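Note that the chains are named A, B, C, D, E and F in the order they appear, and that numbering of residues resets to 1 at the start of each chain.
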Amino acid sequence: MIEALLVMALGAVLLGAALGYAAVRFRVEGDPLVEKIDAILPQTQCGQCGFPGCKPYATAIAKGEAEINQCPPGGEEGIHKLADLLGREFKPLSAEHGIEKPKSVAIIDEQACIGCTLCIQACPVDAIVGAAKQMHTVVAAQCTGCELCVAPCPVDCIRMEAIQETVDTWKWKYPVIKLRQAA
Amino acid sequence: MSEPIEVTQRESGVFRISLRTATIMLAFTLVFTALMAGTYKATAPMVAASTLAEKLRLIGEVLPAATYDNDLMADAITLPPQASLGLDEETRLWRARKAGAPVALVLEAAAPDGYSGRIGLIVAIGADGKLIAVRVTAHKETPGLGDYINPKKDRNKARPWITQFSNLGFDTVPREKWRVKKDGGRFDQMSGATISARAVTNASGRALAWTLENRDKLFALPANSRFEARSTP
Amino acid sequence: MIAKLFKFKGGVKPDSHKDVSAAAPIRVAPLPSHLIIPLRQSARAMARCLVQPGQTVLKGEMIAAAEGPLCTAVHAPTSGTVRAIAPQPVPHPSGLPAPSIIIDPDGLERWIERRPFDYRCVPAQETRNYLRDCGVVGLGGAGFPSHVKLGPGEKGIETLILNGAECEPWITCDDRLMRERADGILAGASIMRHIAGARRILVGIEDNKPQAIASMRAAVQRLGEADIEVVAVPTRYPAGGEKQLIRVLTGIEIPFGKLGTHFGVQCFNVGSAHAVFRAIAHGEPLISRVLTLSGNMAHPGNFEALIGTPIRELLPLAEPRTDTDRYLMGGPMMGVALLSLDTPVIKGTNCILAGSPALFPPPPPEMPCIRCGECAKVCPAELQPFELYWFSRARIFGKAQEYSLFDCIECGCCSYVCPSRIPLVDYFRFAKGEIWAREKEKAAADIARERYELRLAREEREKAEKAAKLAA
Amino acid sequence: MNNSPYSLKPASVQSVMLRVLCALLPGIAAYVWFFGAAILVQIALASVTALAAEAVMLRLRGKPLLMFLSDGSALVTAWLIALTFPSIAPWWLTVLGTLLAIMVAKHLYGGLGQNPFNPAMVAFALMIVAYPQLMSQWPAVGATDFAMQINAIFGTRQLDAMTMATPLDALRTVLRDPEQRAAIGGLLGSNATFGNIGGKGWEWVAAGYLAGGLWLIQQRIITWHMPAAFLATLFAVAGVFTLIDSTQFAPPLFHLLTGGAMLGAFFIVTDPVSGCTTPRGKLIFAAGVALLTWIIRSFGAYPDGIAFAVLLMNIAAPLIDMYTQPPVFGHKQKEGEPR
Amino acid sequence: MTSYLFIVLGAVLVNNVVFVRILGLCPFMGVSKKLETALGMGAATTFVLTMACGASFVIDRWLLIPNHLEYLRTLSFIVTIAAIVQLTELVIQKTSPLLHQVLGIYLPLITTNCAVLGIPLLNVSLRHNFLESLLFGFGSAVGFTLALILFAGIRERLEAADVPIHFRGTAIAMITAGLMSLAFMGFAGLDKYK
Amino acid sequence: MSIYKDIAWNGLWKQNSILAQVLGLCPLLAVSTSLVNAVSLGLATILVMMLSNFAISALRALIPYEIRIPVFVLIIAALVTVVDLAFNAFLHDMYLVLGIFIPLIVTNCIVLARVEAFAAKNGLRASTLDGLMMGVGFVWVIALLGAVRELVGQGTLFSGIEMIVPTWSMIQVLPESYPGFLIAMLPPGAFFVLGLLIAGRNWLDARANQRLREQRLHDQPPAATTAVA
């Protein structure tokens, strides 16, 4: 019994001291993981994930407090990337947090706009220009399509419109496999 | 859980912190080692007893208790490692007697050449030179294939494979026939798993041969003494 | 002298079908009822429109100016009135419309004043600017601005290669051009050699065009300049691919991301050389080109057509057969299906091919890849197309890039041989498009993050200020 | 409407697979001649099972039946299973093996073209581990009595009279027993089991496979890399070890002509789906299979090592491919230097 | 000398930790999705396991056996291993941030790899001497690494395969691991030749 | 109350140690060759997980972050040994059945994983429940695995039950002539069956998510209308 205690005590003191020493000597700061996760998120800042923006969601993922499948604008693509980065299993987009939609921009019906600035306050990326009592306009290139400006408008003059394809933005489509026809 | 050590302590307190973690580690270790060692000490006698009971049970399987009347545990000798038994560590050898007359020897043996390594055996050999019974004490043979050498796993419940050695000696099965049929011997094997059968058969043959050779000396040695093989000149 | 020909790996030998259109001389196509001139003639740039609806223009008058480094000017192919500037269908796989100038010809063909350009007396840069303002782009298909390619690059250009290979089946416009206008082509080449400061000129022609080779060799004799050689190269698609031809003639392999100039070579289509000649020697901007009408047609042949001629008005010249079910612009290996016959001829249009179910049967349904390796055997870029396909199909683009997706020249050899009938090139085009789109999205997200963080900082500051004010 | 290229070379998966089946015919003919028609029954059993399993899985996965059933790949797998199993194995052994090959090894991975493991070899390995004794009862040469063979396949009794240790089995028994080891020379010379080189009858079957394999190369369905690397490596390893100790190791020709070596060299190692695809990768893959085959044959617990060797190399194939990617056009030389 | 070679080879191939001894499966399944991470995990495990075998041999031979404290074996081994792991992590983190980027997240996972305890315990029961213990640990770790990277290679390819939807991910990985262990059964019997 | 329900649901299904977290595989695969073995190991596991979660939750305030892992490991290993010895000494009959599995539990990395992820951050009651439920989640999976492997491997169920309840005996489910399928008893079989179980779980989860998604689509009309609401 005494030998047992002695032997283990010897080990414990050595290991404990070494670990304590190492913990202080070799300490490093910061968590680069959050940045990496944030770089994957689409920065729509829409809050559908249940967090007040992309960065807070990234922080929650890094801490292991949130699943990776809660960002609808990022879509399956984004989930795949997160799964890759974190070595987790891919999961389909959680339906609780919404569904994937085509990318769109906000359009303000300039005839109806009363210049209340409520939408300006709502927009997380300052994509709406205008001043009080003047008509407002969305800078389409900067709009992330988060829809946050839609609800606050007292006269319902903001609508979301899906972005149209042009020769410049056109992409080759996924080759359609016509298996069914052959059967 | 307490939080990680604050950064402010970083420069000043390396030594202090080492000391602190060492102390906590020491405390935990002492408490839990004491708990463990205490339990170990407290249960040691009971554990020893149940280990003994286990041995006895195994011995009982190869040698019916009714056939002897002495205290096997008392009437045992120590066997140094015996290559011819496949043993590489010290074991005990028990001697059964009835009314003082030698009845049987019970010893451990091993077959090193099983399909997946060593097969441990316990063998009882009668004073008349017959093998009374053999059982497997430990093996790693493939479940469902080679593990029929353990009668509990043998699908033939009526006459498990390993019982075919019972009550045979070199007088009924000559030494050179103490092999599996596939090797030209007398004993059955399970086709598809000859290796296990061969290993057990050969090992039991070797154990029998070794015992016959040393039978008289083994019975003659005083209890708790140590068996020394004939020193080869 | 060229010591020996090199070889490029891979390649296929589809039936050539060149005879049907190569026999007859080039004819001039009649003036169409209207002309549609897209503002986006060269690869990645759109010219700035200089005219207004209702304005009259002269033949050869600049109607859109070059803007940015990769742009060239656009000219009125004939004299007439600008009817409108509006989105029109263009030869693009999407079939989407793009801004174009529509001109109603007055039938008078009134030219602007044409003056030869004395390239020998001015710095090369000035000649290049002149070519840009004459709208000279590559006529080999890609439509890349020639003046850019003639720039000195890092090392200067040592070898100028004229691409007369014309490896695509059916197409014969370069063949006819070389037979009929060899002198003009060589004169153009000589001018280009001067601009680029190159030492020698190599003309590569596939050995299935003996007359073109003979005609070009005779012209070389006539021109009498040193270091010009006409080389017959083995007939194998895609011997006319720039990288493949350079490899065959010089042994140099140009990797993805590098230009010919990095290696001291530059490659031009023979038609481009001819266009340079016309611009410099006659002061004529690029307003017409020779193209092949072939395929499922009664009278296939080669025609010189104005840029902007609607395809619909060209077709009767060759009389398509009744079972024609589609038209391709370009050859069968790399061409683009026309979604509308109102699409105009552009500078890169070398062929209009009429297809029928018999000529180009619809492909059988796609089977999974069995990794047989046929595609890798024929890939001239020496890729492993089945690996690219494996990852592109599953949208694992990073992996596809690791397997050098962007080295694929989209020649179609792999699709051509695949026993599983997989439209491999479609997958590669899809993957490339997605990767480009991702990059754009990423850039947009970075901007959004920045703006969001700025806003947060501003709100923080305002809050602090307000608090300070309240406290005060 | 499809995109370019618009004209395609006539070729199809079906024609590839059919030609592989044709190439197997000479070997099958020799098999029937020496060992009776039982193999034909096994081929039929395996083929029907394979097609049925394929149909069920396609239906479950919602894929078009007709297109995939007619591609012929299931038949290739089935025939190879039948040819690697003992021809007098009980019917359920073949059926079970084929089912597992098609359903697990092929369709759980997505079906044609996606399986990382060779389905036929998965079937063989599973069955020899589960039923070692049934998988090692091979017909004796000349025991071609069809009725008896049918009885062996569909009956319940096993007919020892017609089975025989295959050359590899006999060899293994001898090599394992120190006392008999000296006799190896005599055994290999004995014409009864071992025929002239690779086992009586088996040499001719192997020759049939060789002929079919050469035809496949001529047809450009397979390239020479794999068979050549496989046969050369097997020959070399066996040769070296025979030179070292001819009482312990069988001679190279024996290895080449016995068991599944020829079948393996031309039909199994060459499976395009589960093997390596780069030129160098193919050489490494086939040489690896040969080396492992020899090791397992000479030292392992199983009689013929080809199945395990193929599966082991299947495991390594993606990595080998990754590290043997041929250089891409333009990326193999120093900048600007002509070759 | 050759017996040492056989210890290593046997541990790498014949008695592969993952496929034959069924140890270390959780990291085997967990960090084999990408080749890079698999390599990192393999390297980290190799280092720690070799160290653990050496340290545990010393503890066992010089502390436990002389004092008849064999019942403390598990306890002392596992605590030592946990400490080694944590020390390694901290040291790497500070001294070589680059290496830490590669190995960092795998190091803490090693403590829960049961092979890291299982192999030292096996060393004791196989009665290996010091050198043998080290080699056995090293060989087993190399076997683990080999299994891991081969598996990762296949999984990277499988990622793109048209696997039936419910089998995607872990399920098909399990089936693959099963087929791999089936293949490794081909080595059965080889370890008898020492 | 609902937090306890959550813990239970996590252990049994959502965060199931095997099907979801894929931890604790080694003892799982090694010992699930028969139903009786599997359940025995499972029961022993529940015991250890509850104890270790309890102990560490109780002591968590005392453990510095820097040395938590060694201390956790120390506590688990000591507890397991104590349990092992205690069974051997006081419940010897049970020990003969369960005892051989107890040392195997320390090798189960799910124990350490739970301690680190849950017990170190939560209260006594929740932690103990978490240990119990994680253990139960482990038991039902390993039992299912054992049953399938035994059935396919040798056509029986409950073989070895006579060691626990001497009067019971195993059930021959498939006919005696069933040749057995050895693969099921060997490592490959373990992987195959577990793969099938995980696929089954994926299938059930996918069905649930699909239902939720349909509901969402149903409840939530297109974006423009939501804006008005």
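Following the convention adopted for this analysis, a contact is a pair of C-beta atoms (placed from the backbone, for glycine too) under 8 Å apart; a residue touches a chain by one contact, two chains touch by 3 or more.
Values in this document were obtained by computation on a predicted structure and should not be read as measured data.
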item	value
Fewest hops from subunit A to subunit B - one hop per pair of touching chains	1
Chain whose Cα mean lies nearest the overall Cα mean	E
Chains linked by the largest number of contacting C-beta pairs	C-D
Most distant chain from subunit C by Cα centroid	B
CA centroid of subunit A to CA centroid of subunit F, Å	34
Chain centre separation in whole Å, for subunit F relative to subunit C (CA means)	64
Mean-CA-position distance for subunit F and subunit D (Å)	41
Two or more partner chains touched - positions in subunit C	93, 364-365, 368, 423, 426, 429
Interface hub residues of subunit D, defined as touching at least two other chains	64, 67, 104, 110-111, 114, 126, 129, 131, 301
For subunit B, residues that touch 2 or more chains besides their own	4-5, 20-21, 24-25, 28-29, 32-33, 36-37, 40, 145
Footprint of subunit F on subunit A - complex, ascending	15-16, 19-20, 23, 92, 94-96, 98-99, 101, 104, 147, 150-151, 156, 158-160
Contacting residues of subunit B [partner subunit E, same complex]	29, 32-33, 36-37, 40, 113
Residues of subunit C touching subunit E in the complex	368, 390-391, 393-394, 396, 399
For the subunit D and subunit C complex, residues of the former touching the latter	1-9, 11-13, 15-16, 64, 67-68, 71, 73, 110-114, 221, 223, 272-273, 277-278, 321, 325-333, 335-336, 338-339
Residues of subunit E touching subunit C in the complex	156-157, 159-162
